[in-house]
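Next up is a structure, given as structure tokens.
First chain written, first letter: the chains are A, B, C, D, E and F, and each begins at residue 1.
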Amino acid sequence: MKTSTAIYPGSFDPVTNGHLDLIERGAKMFDRLIVAVLHNAEKQPLFTVPERLEMLREVTRAWPSVEIDVFEGLLVDYAQKRQASVILRGIRAISDYEYELQMALMNRKLQPKLETVFMMPAETYSYLSARLVREIAMFNGPLQGLVPPLIEARLRAKNAKK
Amino acid sequence: MKTSTAIYPGSFDPVTNGHLDLIERGAKMFDRLIVAVLHNAEKQPLFTVPERLEMLREVTRAWPSVEIDVFEGLLVDYAQKRQASVILRGIRAISDYEYELQMALMNRKLQPKLETVFMMPAETYSYLSARLVREIAMFNGPLQGLVPPLIEARLRAKNAKK
Amino acid sequence: MKTSTAIYPGSFDPVTNGHLDLIERGAKMFDRLIVAVLHNAEKQPLFTVPERLEMLREVTRAWPSVEIDVFEGLLVDYAQKRQASVILRGIRAISDYEYELQMALMNRKLQPKLETVFMMPAETYSYLSARLVREIAMFNGPLQGLVPPLIEARLRAKNAKK
Amino acid sequence: MKTSTAIYPGSFDPVTNGHLDLIERGAKMFDRLIVAVLHNAEKQPLFTVPERLEMLREVTRAWPSVEIDVFEGLLVDYAQKRQASVILRGIRAISDYEYELQMALMNRKLQPKLETVFMMPAETYSYLSARLVREIAMFNGPLQGLVPPLIEARLRAKNAKK
Amino acid sequence: MKTSTAIYPGSFDPVTNGHLDLIERGAKMFDRLIVAVLHNAEKQPLFTVPERLEMLREVTRAWPSVEIDVFEGLLVDYAQKRQASVILRGIRAISDYEYELQMALMNRKLQPKLETVFMMPAETYSYLSARLVREIAMFNGPLQGLVPPLIEARLRAKNAKK
Amino acid sequence: MKTSTAIYPGSFDPVTNGHLDLIERGAKMFDRLIVAVLHNAEKQPLFTVPERLEMLREVTRAWPSVEIDVFEGLLVDYAQKRQASVILRGIRAISDYEYELQMALMNRKLQPKLETVFMMPAETYSYLSARLVREIAMFNGPLQGLVPPLIEARLRAKNAKK
């Protein structure tokens, strides 16, 4: 792709090893990869947006072409503002596949020049989701292999406070 | 079908071009088509039931055999009251297919004489849902081609009030 | 539906109780239902087309609005010739769902006025297919409940000859 | 299986005939079957945990190897505490199949010695869910064949109180 | 399960690491596990039935409760002859899931006392199939990690002969 | 992607508008796109490999970065020979989705540096396949909108010869 900017949108509450696997693949593929945290006023997240941004910055430091950002509103508007031509999405073997296609078709309808590109994380992460990570953390279950050590520490700290 | 009445149930919050495509197909197929708005006391809709009924009446005026109504409770009870023998449901290429079959089997268990019939909207609307429409409207995204002009105006007015 | 003719196409090699369940539902729904056996020169069927037509006629005798016929070529051309406006297809809970939608969309592309309508056979038949019936018959397994007695007799006779 | 204990986890709010069908199959398969009610502090159930335990005990009396229990936290921790080596899950023809596999893979990651085993309830119950049962009960619809008479009585009593 | 015999049926043309993973899980779960090679007169296999039986015996030597056998005809008849009460099948995250359920429901119809039990191979093998192994072998691709060394040698020998 | 070569493999028997839609999207995305016709000695195609190559060259003339080629054997070996780092595959809303993921995981196992990237053709082509095109052509059905005029002419010529 010729000087390409891709956006990898998500909640990242918190970022998991599955997300990082995809970020690494995307960083190899595109000139610039913007990991964009969706600011959803209605949902009650475990980590605040600033916390999520800070954690993402820490764990993606190794990839200079990766930028962490936050957005609100329609993804297509944010993509235009950032002059990105590609949306990157992970599809897991076990997945919300149909929902992904629905979003991709709708985004194409709203902005035909914006392409959605799907990549697969390693199959080791096919079962992994942020929701499961939060649930395991809540009951002090083992998080090794599911999130980076830094994120594990933050999850433990979050639970200790409750 | 011999003097047939079909019910097309849904939330219609708001009615989209995908719903209208299916209403048009159903109007050709059945002698009478009742578009029935489910009054769900628990959910928080964007439009009130009277608003949804009024909008549906406006955009289905062209089809004399289409009637707009509201129901509460079990669909099978409402169908019996209205002497309808058919439930009409849309299945999208990208769809909640399994949920639809589950509902249809359950309704058949409750009332064996009531048939559920599935039709497909045009593939242009395969990604369209009322939820996506509400989301795009909330962020002032383009609604052309997704809902009729009248519904677009109501969505804009609704947002202006907030 | 106002004076409606529907076509229920298939191989019917042989007709099963699942097919008959759907034929009965279709006969209630449409003024005329044409059960149309596809003459596929390339496939090697167990029963010849005349055998299949004769068996279908026997087991659908109870429904006067059901007609048995054979067709070759494109379904949309046959539908036009027979002045049918509806294609009837069964969708099983466990099913070739995506293939069915693909065919329906393609047929709509070829002939926009021809609607495909999907109905569900009783869930008892969700696992039933002509292929499984042929396989069970080949090994003299029990066929009761899977096909009508007449079809069972023909399957037994067919195997005896081999 | 050599002196085996299996856990059948769920919400059972309330227990349905589909659950009972699976419990009966599991009771034949394993030396001991623990039906474990998940105590989820966040959800608002229709029946309290003590009510659900009592109902489960009543309707599973016929099977001496079935034990009713409650658990909180991670299923893998509970399985270890109870020295169970198997998780039993039902898969319906129409189902939350992918979610089940995701949970099973995650549980295997957390505890590799714990196997998840899937069995199918009778196809008659493929459409049945506790949520549908609650909904039908709420509108005084027919519950026969969906839950045992005792559970039907409790559902009626619950609604009368509202 | 109380003195249980399970059958794990398949083509095993050839046995892969995915099959072996499941055989190991089954061997832990059941008192006796019969790996049963289907003798299908119509298909053209890569390895003959005696070759497949011999390879299976070699690679399952470590598990004394595993028996290798061949069968022809209906699986339910073979199960009855062998006094097995359980059919073991693997479900892969990426899978022929619906076909498996269809077979299981049909087998239950033919023999209600025979239960089909589904287990998952390790997710590493979710993409693995005997067909892919044959294809890779045909073009001298790398087979390490996909089949045991013995099977790799047999595949290489088979190709050398051609 | 930084000076990237992608391979879009397939049978292209014949190339359809759905393929062309994806080729156009891929040509925008990658520096070089190799459309690679699989030479499968076992299958009986409608068009020979040289015919398919010639047709592909004609209909992709407008895109200078698109190259047409043929390959035999494993895709990963061909990708290495051509120094391609990406496999491009289309996923249709109605699709062979699971098979695609299976192939992608297997290819990653065989060559971890080779990424498979999925893009969506326009939803208008979601039902389109080369097999359906061949079938429609065989019965002289309308091909407009399904294949370019040149391919339609070749299909008509092919049928005339038979």
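Brief remarks follow.
Criterion: contacts are C-beta pairs under 8 Å (C-beta built on N, C-alpha and C of every residue); 3 or more make two chains touch, one makes a residue touch a chain.
Just so it is clear, the structure is predicted and the values come from calculations on it, not from any experiment.
Shared contact partners of chain B and chain F, listed by label, are A, C. With chains reduced to the mean position of their C-alpha atoms, the one farthest from chain B is E.
Of all the chains, the one whose CA centre sits at the greatest distance from that of chain D is F.
Remark: chain B and chain C have CA centroids separated by 31 Å (rounded to whole angstrom). As a whole-number value, the distance joining the C-alpha centres of chain B and chain E reads 48 Å. Spacing of chain A relative to chain D, judged by their CA centroids, is 34 angstrom. Residue positions 93-94, 101, 105, 123, 126-127 of chain E are each in touch with at least two other chains. The chain pairs satisfying the stated touch condition come to A-B, A-D, A-E, A-F, B-C, B-D, B-F, C-D, C-E, C-F, D-E, E-F. Across the complex, chain B meets chain F through its residues 93-94, 123-124, 126-127. The residues of chain C lying in touch with chain E in their complex are 94-95, 126-129, 132, 135-136, 139, 141-142, 145-146. Per the touch definition, chain F reaches chain A in the complex via residues 1-2, 4, 25, 28-31, 86, 91, 93, 97, 101, 104-105, 108, 115-120, 123. Residues 73-74, 76-77, 98, 101-103, 105-106, 109-110 of chain C are the ones that touch chain F when the two sit in their complex.
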